[in-house]
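One chain, chain A, appears in both complexes that follow, with chain B as partner in the first and chain C in the second.
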Partner chain A sequence: MIGTDSTYPPFESIDPATNQIVGFDPDLMAEMAKLINIKPEFKTTSFDTIFEALASKQFDAVMSAVTITDERKQKVDFTDPYVSIGQRVVALKGNDKIKSYEDLKTNNFQVGVQRGTTGEQAALTTAGVPDANVKRYDDIASAFADLKNNAIDAIVADGPTVANYTGQPEYQDAVALVGDAFTTEDYGIAVQKGDTELLNGFNAALAQLKQNGKIDELKRKYDIKE
Partner chain B sequence: MSTGTGDLVPISPRRFGTLSRFPAWLLILLLIGVFVLYSMLSSERYSATLRFLLLGVQLTVVVAVVSYAIALVLGLIIALGRVSRNPLLQNAATLYVEFMRGVPLIVILLYAQFVVIPGLSNSLDELLGTRFLWQRNAAIAGTVGLALGYAAYLAEVYRAGIESIERGQMEAGRSLGMSYRQTMRYIILPQALRRVLPPLGNDFIAILKDTSLLTVISVPELTYYAKQEASRTFENFRTYNTAAFLYLTMTLLLSLGVRYIERRSSGGRR
Partner chain C sequence: MYSVIPARILFYNEAHKEGIQMKGLRLALLLGLLMAVLAACGGSSTGTDSTGAQGSPGGTGTTGASGSAAAGSAAASRAGTTAGLPDLNGRAV
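The block that comes next holds the complex of A and B.
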């Protein structure tokens, strides 16, 4: 059983046609399952408690566009990185006061983030937004709904995901990406602390899929640029 | 009283003396509360969590009080519509109650923040050239959502109270030459309100707890801070203990207040 927050395209989202969890992560896991003897089943859950759920053995692994961080390593174990991304800013179209992430701390701008993510950290530390102006959401979809309604001024989240949301028909006329990625982060799959059997299996499979170009192929399929 | 048989001795209500009236549950809760508070304050990390969560208490109380006050007034108006003999008012009030009571509060709140308030605020701003931007403060949508939802619950409480007053009183009032409105205002409502004070008080406690739902639209109330603390420290046990402690402190104080009002209002009649 693999935990995931399926509001995070292109890595994981619910396909409106089939109601199945689809995306880069499920595809990659399916490729890995061919190499090691597992039957992965994705289960959707909320991100802010995802590591607690893994530590309390609700899941065998978490694959949910998770950045490897030292804080999270205290709670769970991570595989080798399988993709690198950076945080990006998205703002309302026509807001010419936000030209890069450095402008977020000015003008009392309200910045939406998803609770418990590296986007929250990046907004607070790298971009220096005051804590009171950082608005935390349970999922990034709610943040986009608020941004479109002009309830907040910007969103900070993983680059490929904000790029995906920004390209959606409901949002492409209202919001736009601002500047380039301003952090570098690696995604890994999280497993329960001490579960070396699963960890070694995942790492071996990831190494092979990196070697044979399968990961690069999936990145092209989902338009994920580093 | 004296039937002459002499073998039925009624049990005196004073049998347990004053002991039976002693609120043991309150003493136990107080002792637990003092103990928990003491252990929180003596642990550095607990008191850090407590200080952080306290940041959300003020907004929790403000939202609860304001939305309850609106719901009290709106609920009474709807209840008067519900018992009205005017079919238009009666139908409109019933429609409101059935709709609001049938939709979960959390859905009402999502509607308020993502649909109603932005739509309303944007069209007002367009029409009047103002810059209200009500959607910027999610506490507004939260307060409105809670108030509209609870107005339906409270309307039913009021209606139960009004309908519990004997029909004859309305007839008596009318035959004395009072209008429907006067009879309602001076005879029915004062008695009905006294009867529904306990359930009204219960709904205040309920609305205070339901402010925690506002976290889904990112209103920085107590639960919002609790989730933030839990996600940054990974200390769920400590964090939610503290949140539960703070909610219990508020609801127990309210509960005592409700009991006091209840006792006072029924004082002259028992």
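The block that comes next holds the complex of A and C.
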């Protein structure tokens, strides 16, 4: 079983027509499964507790647009990187006071993040937003809903995902990307500590899919820009 | 001189040689078939390697060497279709 937070397009989301988890990560895992002979099944779970769930063997792996960090490496093992991204800022259209991530710590701005993500860390550290001004959400969709309703001033999250939300019909007239990515992060697939069989299999499959251009093909399909 | 060899000796020699060749061919075909079956049973499970390729030396095998080629190619394929990919045997994840 593979744990994922399926509110994170274009990497994973629920297709309302089929109620299936779709996106870059499930597509990539399907390609990997063909190469190393595994039968993957994705299950939606909360991102906030996803690594604890993996460590306690509720999942065999976590594939959920996960940034490889030293802190997470204490609990789980990671594959080689398969996508590089950066944190970006989204604000309401017409908000002239937020022109880059450096403005987020000013004017008592309320900044929305998803709990337990590197976006939360980036808002607190790199952007320097006071903890009291960081509003934490269980999923990024709720943060976008609050931004559109003017309940917060900005969102910090992974670049491809905020670009995806910003382009959705529901949000494209209300919100806009601000500035460029201000961090550099690598996504990896997490496995239980010591599961070398799965880790080596994933790494071998990823290497093959990088080499044959399949990962680049999927990035183009899902408009993921690094 | 060739002209002094009795015809029946010539006939016996040719027939004997032909018999040996026929036996050798049958043996080689049997060996080739056996190796192809072994290769098919022990080979592809990743779906990306070619069982047909493993079996083909058996089909053309006329010597014992063709059998070991078939077995060798099966082992190489299990090790991962020219790319060293592991086979997790249908593990559910």
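Note that the second predicted complex is superposed on the first by the 226 of 226 C-alpha atoms of A that agree within 3 Å, B and C clash if a C-alpha of one lies under 4 Å from a C-alpha of the other, contacts with A are read in each partner's own complex, and residues count from 1 in each chain.
As a working rule, contacts are C-beta pairs under 8 Å (C-beta built on N, C-alpha and C of every residue); 3 or more make two chains touch, one makes a residue touch a chain.
Just so we're clear, the structure is a prediction, and the values are computed from it rather than from any experiment.
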**Item:** Combined model on chain A where chain B meets chain C, clash or fit
**Value:** fit
**Item:** Touching partner for A:L198 - first (chain B), second (chain C), both, neither
**Value:** second
**Message:** Nearest 10 degrees is fine: what angle do the Cα centroids of chain B and chain C make about that of chain A?
**Reply:** 130
**Request:** Have a look at where A:N37 lands relative to chain B and chain C in the superposition and call it first, second, both or neither.
**Result:** second
**Message:** Tell me the contact category for A:I2 with respect to chain B and chain C: first, second, both or neither.
**Reply:** second
**Request:** Quick one: classify A:D146 as touching chain B (first), chain C (second), both or neither.
**Result:** first
**Per-pair minimum CA distance [chain C against chain B, superposed on A] in Å** = 24
**Fill in**
Residues on chain A touched by both chain B and chain C none
**Fill in**
Residue positions on chain A within touch of chain C in the complex are 1-2, 34-41, 60-61, 197-198, 200-201, 204-205, 208
**Asked** Within the complex, which stretch of chain A touches chain B?
**Response** 48-49, 51-52, 71, 74-75, 110, 112, 115-116, 135-138, 142, 145-146, 149-152
**Request:** Would you tell me which residues of chain C are touching chain A in their complex?
**Result:** 45-48, 80, 83-93
**Contacting residues of chain B [partner chain A, same complex]** = 113-114, 118, 122, 133, 135-136, 138, 215-218, 224, 227-228, 230-232, 234, 236
